[in-house]
Every structure is written in C-alpha cells, then in structure tokens.
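Both complexes shown next keep chain A, but they swap its partner, so chain B is in the first and chain C is in the second.
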Partner chain A sequence: MQILKKIAFWRMIIVLLTGSASLSAQTPVAVEYQLKAAFLFNFTKFVEWPADVYSSDQDPFVIGILGGNPFGSFLEDVAAGEKVNGHPLVISYFKNTNEIKRCQILFINKTGQYNVSDILSDLKGKSVLTVGDTPDFLKLGGMVRFFINASNKVQLQLNPDIAKTVRLQISSKLLRLTEIYTQK
Partner chain B sequence: MAFHDLPIQKKLMRASLLISGVVLLVTCTTFFTYEFIKSRQEMKEKLETLGKIVSANSTAALVFDNPKDANEILSALKLEPRIEGACLYTKNGVLFAQYSDSLRPVVFPNQPGQQGYTFSSSSLEGFQPILLGDKKLGTLFIRTNLADIYNRFRLYLIITLSVVAVSFFLAYLLSDILQKNISIPILSLAETARAISEHQDYSARARKYNKDEVGVLIDAFNQMLVKIQEQNQILSEFNTNLEEKVKIRTSELETSNKELESFSYSVSHDLRAPIRAINGYGAILEKNHFQQLDEEGKKFLAIIVREAGRMGQLIDDLLAFARLGKKEVQKKPVDVTALANEAADDLLKLNEENFKPRITVNDLAPALCDPVLVRQVLINLLSNAIKFSHNNEHALIEIGSFEEPGIVTYYVKDNGVGFDMRYYNKLFGVFQRLHSYEEFSGTGIGLAIVHRIVTRHGGQVRAEGKVNEGAVFYFSLAN
Partner chain C sequence: MPYFVIKVTMGNPKPLKYIANPLRKGLAFYFIACMAVCVLTFLSSSYAGAQNADTLLSSSKLKKMSLEDLMNIEVTSVSMRAEKLTEVASAIQVITGNDIEHSAATRLPEALRLAPNLQIAQAGSHDWSVTARGFSGLPSSGGYLANKLLVMIDGRSVYSPLFGGVFWDVQNVMLEDVDKIEVVSGPGGTLWGANAVNGVINIVSKSSRETQGLYFSGATGSALYDYAAVRIGARSKADTNLYYRIYAQHFDQNSTLLQNGTTAKDAWDMVQGGFRMDYYPSKANTFTLQGDFYGGDENKDSLNTHQITNGQNVLGRFTHVFSETSELKIQAYYDRTWRNEPTTAAPFSYSLTTYDVTVQHRFALGRRNSLLYGVGFRSERDQASRSFNPLGIYMPVYSAFIQDEITISPQLLKLTIGSKFENNVFTGNELQPCARMAWTPSGMSTVWTSVSMAVRTPSRFDADFAPSSTPFQSEKLMAYELGYHLTPGQRLSFSFATYFNHYNDLRSLDQFGANTPLIIANDQRAESWGFEFNANYKLADWCHLKGGYTYFNRNIWAVNPAVLSASVAFESVDPHSTIALQAMTDITKHISFDLVGRYVDPLLATPVTTAVPAYSTCDARLAWHNKLFEVSLAGQNLLQAQHIEVGTIEISRTFYAKIVCRF
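After this line comes the complex of A and B, so read on.
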C-alpha cells in the first residue's frame, strides 16, 4: 500500500510539474485528467469543510465521481492511504444522480449526460465542493471549474460566494491562483 | 635588552601597558566576536523565517502548477532590499519560479542543494524544503546580501581599534604618572647607594617619600648608614691610635736594635784586644820559652794558642757579620759566571791540602746585584761545599742557574756529607753548627752571612740535603 501510494504521488507530481511539456508524450486527454485528479486531491488541503459533514470520527472523506471515471486508476492511486483531517479518503463512483449520497467533493464529468443544474440545485445547502469542467458549469451554480488556458495549461475558475453559502472555507492561497467567477 | 635587565621605570611601564593592552584586546575581541557571531546567527534566523513564510505561501502555487503566482509571491521579497534573489524548485529539482533583484541579478543554481544556510564572502544563501503537511513539495533557494552588515562590522572594527588605541594611550599616560610613585623612591634610593659607594660618603641619607615597603627599606638603609658611620668612626680612631702605637714601638725597637748592634760591635771589638794579647804572648812563650816547659806544659800551651786563635776567628767573623748590617747594597749588572770562576780559583789556590775537588761552573745567568757581596756568598757556599766534601775522594761540585721571569736562581751542588733535613731551620742561624768542630772546622757563621746578604738583595735562600748524599744550596736574585 505504502509503495503504491508513493508511486502514485510521484506520478502525480511529475505530471503536475512537467505539465504541458509531457502532454504530447501521452494521449492528451489522459494527462489532462491526471492533472485534474491531482488537483481534486489537493482541494482537500486548501478547502475546509465544516465539522458536521462527518457523523463520526471514523467517517470517510468521500470524493465522488459522477458519470464515468475519466481518471482511470490514477485518482485511486493518489488517494490511497491518504487522510483528510483524520478521515480516510475514499473515492466513490456514481452512475446516475440517484446514487449521489453523502460526499465532500463531487466531480461531475462532462461526459455524463446529466442535467447539471438539477443536480446542483439538489445539492444546494449541502457542504459539497462541486467541481466540473463544462464551460457553463459555474453559470449553472457550480463552485470550481477546470479549463485549459491559452498556453495549454489546466487552470481553475472558482465561485467563492456559493462555496461560502455552504460553509466551505477556501484558502486564500487557492483563491490567489484561481480566476474568480462572479454572477452577473 | 632582556626584560629583567631593564631599568625599573621601564619595567613598571611595560608591565602595566602589557596588562592593560592584553585586557583591552581580550575584552574588545570578545565583544566583537560575540557581536559578529550573534548578528550572523540573527541574520540566518531572519532569512530562515522569511524563507518559511515564502515557502508557506508558495504551497498552493506549486501544487496547482501556477508559476506566475509563485513569481508574484517571490517578487514580494523586493520589499526587503538585502534579498538578492530567491527561487523555487519543484519536487524533482526543476526551476519553477524565481525573483532576482534588478540591480544585482542572481545566477540561480541549476539544482537545489543541501538543506541549510551557508555564509559566503558577501552573502548568506541556502535551501529549505517547501512542505505541505509532511509532504515535500519543492525547495526554496534564497540569498541575502551581507555587504552592509560586513560594512557595519568593518566600522565596528575600526571603532574598536580606535578605542583600544585611545585606551592604550590613556593607560600609557596613567601608568607613566602612577609608576613614578613607585619608581622614584627606588631610583632615589639606588642613586644614594651609588653615590655612597662611589664617594665613600656614609654621611649621605636616602630621602623617604612614602610610608610603604620602599619607605621601610629606606628607613632601614638609613639606619644602616648611621651604624656604618659610627663603626667607621670607632675604627678610624682605633686605627689612628694603632698607628701611633706602632710608630712609637718601631722607634723604640730601632733604638734598641742600634744599641744592640753597637753593643755587639764594641763587645767584639773590645774582645779582640785581650785575645790578641793572649795570642801574642802565647806565640812569644812558644818561641822563646818552649824548651823550658815540660811535656804537659807544652801540650797546654798548644791548646791555649789554638783556642785563642779560634776565638780570634770567631770575633772576626762576628764583626764581619755585624758590619754587613751597616753596609749598603750597591746593585749593578754582574757577570756571575766570571765571579764564580774567580771564587773557585781563589778557593782552590788557598786549599793547602792535596785534596782537589772538581768544580764545574756552568754558564750562569747575569744578575742585578752587589758584586762584592755576591762574591762573598759564592765563596761561603763553595768553601762549605769543599769543606763537607772532604771525605769524598770523587768530590764533585757544580754551580748552575735557572731563570724564571724577573728572577734568576743559582745553586751550588756537592756530593759531600750532606745534612739531615730535620735540622733545616738551624742551617742559616748565626753560630749554628750541624757538625762538631773536631769533624769540620768553621765558626758556623758562613750560611748566616749568605742568608743576610741574599735577604738584603731581596732574594731568597733555601737548601736541600740528605745525610751522606750531598747538599744543594739555592739563592735567588733579581735579574
């Protein structure tokens, strides 16, 4: 487990830091999602969840993936053995909206054919960091959006106002890096 | 000059200057070193803290792959003008973001180095890990310029050295003033002692300055001088008395000596007349009335005549000896060889018997002496030698000399009867005889005359002998 976790971490870091240079070496989509997986994992460190999202100390911290897994085993590898504030990190895959149970981060895959706005309105009031990569994700009420910028880098767009309403505290360090989205 | 031979004033000065110099130097060096080490330590801690702040702020930029933001964070360092530059490396050592002071561009290391900070000649630089929780995300390199700190220390050093110099000068002035308190009384004491030993003036006194140990020393010294003066007084009085006493005694002695001499002279002289009478009438009796005497009378007459003759000889010798005391010694260079040959010839001629000893006269060194008196010495010694060799058929007499600086020693050596060294002290006395008159004739005054003549020349006489093995007589003269 320990070795696996290490390998996964190294892979993540390599991908994360060599960035665009290595994009051409592998299939572009795979590398992009490796980065996104790493970012998803790193949100656990720069976002604070209210204590009441856990019912007990043994409750896991859940990263939920809705609509197909674009990360392959990569996210699993990164999360293996990790803990968030003492809660074991668990990855859950949801096929459809009905399956969405309790989770702290929800990644809504663009490949999934869902009514994103419905999902988001369902989650309203729950302390779940919603992440997506569709262009209108924030407009529909999402919190964090991945996008590829002009220099072919994965960047973040963020709506802190919504996060605040569900008592998620986003670190200023993270905020500095992101493009802030404001509702027009 | 070695330190312990220096004058006391210089010694005191050097000692106090050395002490103050060492104290100043040690103090200043300690403070300076402490300050230097401390501020370097502080500098390092400050830079480390700054590095930690930057590291903490850079975590998100590193994790979310945002070098632009990282650059922004680093560029905040320009608010600290000492910072020359800083850069971030990723976990695997790739340069991720950097900031460099526009005035002093920094060439960043290609790879992150060992964790920790190091001082170079003008800067402090180091690497520290960027951690998120317990995970290392990358490395921060940061460098700060130390020129102004070092400049400040240069200034400190100059100030310190100036302080040392000024303090040292003040110490010099102070010790110059203070040492006089100690040195002047000692110097004055030494000067007094020197003057006293030079002029022998024990009435001088050393001046007392203070009531310290030197004061005690000066008091003791002065008391000693008083004692010396008193004793000198007593001694000189005693001396004067003694001299006077000696003078009186000497003149008394001289007077009595003269009296004694004239007495012995007149006694000898007066004794001669009756002896002549006895001799004369004895001779007439022998000549004109010899036949009228019986055998016994003839025998007695012969004894009277012989003994009267001997008495006459004794008196003559005594007179000669007495005259010697009055005669003045007239010194001149003398060929002693010729003198000895003459004496030997005369003696051999006079020797009536058929006994002819062999006399060898070596080449003798000349001497400064009275020839008449030294001739007497040679005659006396030679005649003694002949006389005491009488029994020896192969009598051999040798006259020789040897020289030492300023002195020439002559000797007369024979192989006659010799003498017993036990009686050596009687050898040169007047009328002292080691042999009976019957055995060897003579009045016993010859060696006394030799002794007197040589002594009056300022020389010395000595002899060596062994019974039946001969004798050697030495006398020394100036040359």
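After this line comes the complex of A and C, so read on.
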C-alpha cells in the first residue's frame, strides 16, 4: 500500500516536471462550504438523537439542505458510505419549505425565498438539529450557527437549551469548542 | 563582552577605494536573471492557467479532521485570498503553523528557514543571523547579525536597541502554538516604524480558543539534547466566552564544533513559561492578555565563559469592530530583558525595560478611501555595566502614522500612500513615507510597485560605544520595488518581487591616523538589488510543495578617506543566491514524510572574515500519528557530516526523536 503511494508520488513528481498533469476537474466549492460540510458531518458524531427519530433499523439518517445547494457534490462525497449509529447517512435537498421531509439535521441556506422564523416554528418539538449561517439565526430560535471570525476561520455558535427541549444531546466536546448563545 | 569586541586591529588606516560607478557587471547579470525568471513565471502560468481550478481540500481528508482542526482552517476562498495575498502590494511570504509542523524545526530561527525570502545562517549553538535583502554584517566577534530587520512576536517588538538586531537565543515560542509567521521583505517603515528597513517578521500565535485541551511533547537527540513542552488550554466555566492557556517548555542544546573537530563549548539550556487569555464578551469586542517569562544559561564560545539570560513580558490588546470597514485596536505591553556574563574577566550585564502603548483606527472614508492611522509611545530604559557612555539612558519614542488606501478603479487599481512620523532621542524627528500601487488586471494576477523611504535609527552601539566626533545619524534607505503575484488556481501560486535599494549614511568604522581610536560614523553608501521568486503548489491533498529562489547583490562605497576597508564586512557578508524548498507529504493516513532543502552561495573572504564555501543540505522528518499521539524521527543538515554557514563554527548533521500527545 505504502509502496503504491510512493510510486504514485514519484509519478506525480514526473508529471509535474514534464508538465503533462491532468488535474481532476471538479467544480470548485468555496473552502468555507467545504468546511461547513465537514462540520455538518461532524455533528452526526457529537450530537445524540433520541431513538424514536427512526421507525426502523433501515431508516436513513438524513441531512437536509434547504434552499440553494452551496456544497456542490461535496457533502455527498463526505457522506458516501457513512453510517450514523448503523443508519445509512443520506443527503436530501429541499428547494422550498413545503418540500421539507423527515430529517435529523436541517441546514437552512441563506439564499432562499422563505422566512427562517416560520420554518423554525414549524419544526418546534421535532428532534431536528437546525443549522444556519445568518447573523440572527439563533435569535430566531435556531440551534447552531456558522460564522467567520476575525482571523477568517469558520466557528460555531450554539444554543444548547433549545436543543435540549427537543431531546438532542450535544456532547461536551462540541460545547467546549463553541460559543454558547444565551437568550437575553 | 564578546558582543562588542571590535575585531579590527590595523596599524594604518586603509582607506577604501572610491568606486566611481557602483553598478558594475553584477547589475547586468541581475537583469538577465530577472528576465529569465519573468519568462519562466509566464510560461508556467500559461500552462497552469489552462487547468481547472481545483478544490483545495478533499472530502476524505476533511472528514478525518478533528473539530479543532476544522476550526483552525482559514477560509481562503479565491476572493479572500485575492484580497489577502495576491493583491498585497509588497513581497510577503507566510509560514503557516502547518508548514512548521511538517518540518524538522525545533526553534524559531529554524522555522524561519521555511521563508525563502529570508537569508538565515546559524553562527553557533545559540547565535543566528537572520535578514532579508542582505546586510547581515559582523559587528561582533561572537555572532553575526543583521540590524535592518524588525521582528515582532504578537505585536511586541523584540528588536534590541542595544545593537539594532535581535537576540535570537531568547526569542523562543512554542512552535505548536504558532498560527503563522508573516515575512515581509522590503521596507515596512510606514506601518511598523523605524528599523523596518529591509523587512519585517511578524510572529502570530494562535488564540487560546484555538488551543484548547492538553498538549505534551518530548524530544531527545544529538543537537537538541532534550526538550519537553506542555500546554493546557481551557475555557472558563463561569463565563463561556473566556478562554485561556498556560504553557511551559524547557530545552538543552548541545555544543557545536570548531573546525578542528573539538567542541565549541556553546551548549545551553532555556526554560520558558507563559499564559494567554482571550475574552470575547460580544461579537464586536475582543480582549487578549498574554505573558511569558524565561531564563537561560549559555556557554559562550571557547572563552569558557557563560551567559545568563532572563526576561518577562505582559501584553494586553483590545479590539473593537465598529463595522466591516471600521476597527479600533489598543495595545499596551511591558517587556524586560536582562543578560549577564558573570564569569569573564570583564563581566558585562545589560538590562532593558520597555513600556509600549499604541492605538490604531481604520475606517472607510467614502467608498474609495480606507484610512488607517495611529499613535504610539514607547519608553525604553536600559542599563549596561560597562563600555557604554552613558551606561544607562532613557529612550522615549513618540510616533504617529497615517495611511490611505485609495481605490482608483474598483477591482483594478489601488494606490496606498502614507507616512510614519517618529521622534527619538538620538536623531529627533524622522519621516518614513511610502507609496504603493497595485494593478489587478484579473482575479488571478496582480502587478505592484512601490517607492518608500525607511530609516534605521541609531542603536546604543552606534551612538554610545565608541567616541565620536559627530553624533551618529540614522541610516536612510530609498527603496524601489516591482512585483507580481499570480494564482492560476486554488492549488498553485507564484510571486516575484524585485528591488533596487539605495542606502545613505550607512554605518562605517573610521580611523583618522594610526593609533587613534576607532570612530563609528555614517561615511558609507550602498546600493543593493535583487529579486525573490516563490512558488506554492498543492500537488494533491497529501502532497504540498513550497519553495523559492532569492538573489541579492550590492555595492558599498566610502565617502570619506578615513573609512577602514573592514567597514564593508561590518555591514554586509551576504550570499548572492539562496534556495529553499519544502515538500510535505502524507504517505498514508497515519504516516507523513517531509523534506526541507536549502542551498546557499559562498561567502567571500573579507579583511576580517574567512571565505565560507557554498553549501546545500536538507532536513527530513518521518512521522507516524493518530488522533492522540504522534511519534517522529527527524534529521537536520543531513547532506554532510558538518558544514559552516557563517564564521568558523561547524554545524553538524543531527537527529532527534519526538513524541507528541494531544488530548
């Protein structure tokens, strides 16, 4: 295995020197959204959902994306072959609010013709981790918000109290690394 | 006091020959080389530009990263990077924390070797010479040093007013906690103030929010005899917006060798500790409080003496963001350093206490002007035990600066003009203006040019060491720069910078007749020219290549017949060409292999130094790691058993083994 990698490395060096490289031609996804995709995936490990969100063992774990898709195929690449507590991980895209179906994580994209507070109140009582990146997302009742800090790094802000009301257990490790939002 | 033993003993003054035309055949070679690099840059860009911009990170790699790692990745989307690195109208290189981790560097000067636009030479176990654009000279018998480079650690200047350089032995940071090192070659006087003549090194450490958890590392090897570091990062339970860390480290470094193979007796050890607190009470406000203390004991060369060092510093910083275009920063620090050679026949001690306060404000004026201005006050008070007259003085520095970034044509043309105004005790008022223009014809390339003036204000050594007929003046630089940044894709970037520097009132050693005392004067002039070429290529997710080539040439001539010929070597013993290359590879999920290679041109013999042959050498590091542990083996200076970088001390091939735990 290592030998193969090494050969691959030297082949790359030769390719570089001879200038005949053909680098893969993916559609570029902004690094910001690559990171957000990785965070969404990480939430499946650091948040615990109650067992009754699944009706059977074959039921998938769904990450829903509402609005436009800023992730390209990146989030699907991340989710490929992954399982959450034995449930296959799938990504669903919802163009608008009436398409929203069963999901465990809902990412509400900032580009979309909808009222975030309406969506959040529709989801009230359901064990769905709501994630967004608008500045007032937590104020409107969301649970997790992405923001970019002064040193251009993607950071998290969390409202654990709201998550608790719908029986979502957020691990202390995740809490330790995030900014805690408290309703004033 | 080996730092200031002038090793110039000449019966008769040897006046330096006047040079009528300082620009001789060196310049022709320089222009040919410049053209060649330009052609290469354009050829490679046309090739690379044909490629599709690729994603920076792979899904498989991101998935494996911890939450902490994810939170530490800077969002350098094409547009952000364009603003940050490709549109910057100066020659800047950034060493990231990741680059340092993927190198065999154990101390700060070794990590600086990763910036191809610096010229670095190790002069002994604890002595280093670090400069940009040349002018690393020989004002002492023990260490070689450069006096035209400003170095800041988290906004705290570590440039010493004693001799106008940096005591690299006591500049230790925990490399694990370094976020990035920005290396600007070329003058930065307008923003940074006096002494940012040839370049600025800005070491930025991670905030304590980014260094949560327990970190421990231990190493042992042939040069790095032992090393241990521990850091604990946590978050306040009472207020969850308060983060802090404490750290401590200790190392023992073995002696280097003399040319006859015997020990140079310069082994040393250092213990250092410190803390940092970051408080984010609201989105707009950030408070930082940090401090360090250290103590070291160094054997000093063959004189069989030793030197004790210690220091303490505390820095506080408050940042308030009014809006995206307006920000206020207030910073204050206290710094005390002390060094003492108690056991020499003539003991020497030196202490320096610094208080510094700066206020900076940035705001937008209309849609086209972004103004940055600030005021500062620095109080420095020092005390030497002998050799300086007076032994101790008070050196207040008052400063103010203003800079306006004018968008002449949005996304296309930007002009930045500004100046620093400074008042110091030696020369009074100093003015350091600068104008920079950046033209960005496309999102991927920027052409920039600048004209700036910078000064090196007198150090205590210049002003108060030797008797002088006239007071020492500031050394003045007039610099002209032209550069080009190119980012053909997210994986690939190039930069090229060329310069022509004219120095006036450069330091000289004068002697007006046999057996009269040496005088430190301003009777030299110099011209220097050169270029820096850098490339950065993320070949694949598991392979990253960086490197660069730097060329430097200069002419120094005397404007007074009393100038000793040794004066030239006193200011500049520099190589013409230097190359630095780094390859970072993740061979498997758990194994990485990294190589750092470098080449340095020969140093020619001068009246006071012997020639040093050219050398190439490399460092290698093989590491196995999982989420919690990392075990690595590293070798430094591998290509030969020993080599000389500057002076006469042999730097040996060395190895060390290191273990790291992160919880």
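Basically, the second predicted complex is superposed on the first by the 155 of 184 C-alpha atoms of A that agree within 3 Å, B and C clash if a C-alpha of one lies under 4 Å from a C-alpha of the other, contacts with A are read in each partner's own complex, and residues count from 1 in each chain.
One rule holds for everything that comes next: a residue touches a chain if its C-beta (ideal position, glycine included) is under 8 Å from a C-beta of that chain, and two chains touch if they have at least 3 such contacts.
Since this is a predicted model, take the numbers as computed values, not measurements.
Of the two partner chains, chain B and chain C are each touched by A:Phe46.
Looking at the superposed arrangement, the partner reaching more residues of chain A, out of chain B and chain C, is C. Looking at the shared chain after the overlay, A:Phe74 reaches chain C, while chain B stays out of its contact range. By the touch criterion defined above, A:Asn152 reaches chain C but does not reach chain B.
When the shared chain is aligned, chain C comes close enough to touch A:Ile180, but chain B does not. Chain A residues in contact with chain B (one complex) as well as with chain C (other complex) are 9, 16, 19, 35, 38-39, 42, 46, 153-154, 156, 173-174, 176-177.
Remark: chain C residues 47, 51-57, 59-60, 62-63, 65, 67-68, 70-78, 80, 179, 207, 210, 212, 235, 240-241, 280, 286, 319, 321, 489-491, 537, 539-540, 542-543, 585, 587-588, 591 touch chain A in the complex. Chain B makes touch with chain A in their complex at residues 57, 59-66, 69, 72, 90-92, 94, 96, 132-133, 135.
Those residues of chain A that touch chain C in the complex are listed here as 1-2, 5-6, 9, 12, 16, 19, 21, 23-26, 28-32, 34-35, 37-39, 41-42, 46, 74, 77-78, 80, 148, 150-156, 173-174, 176-177, 179-180. Of all residues in chain A, those touching chain B in their complex are 9, 13-14, 16-19, 35, 38-39, 42, 45-46, 153-154, 156, 171, 173-174, 176-177.
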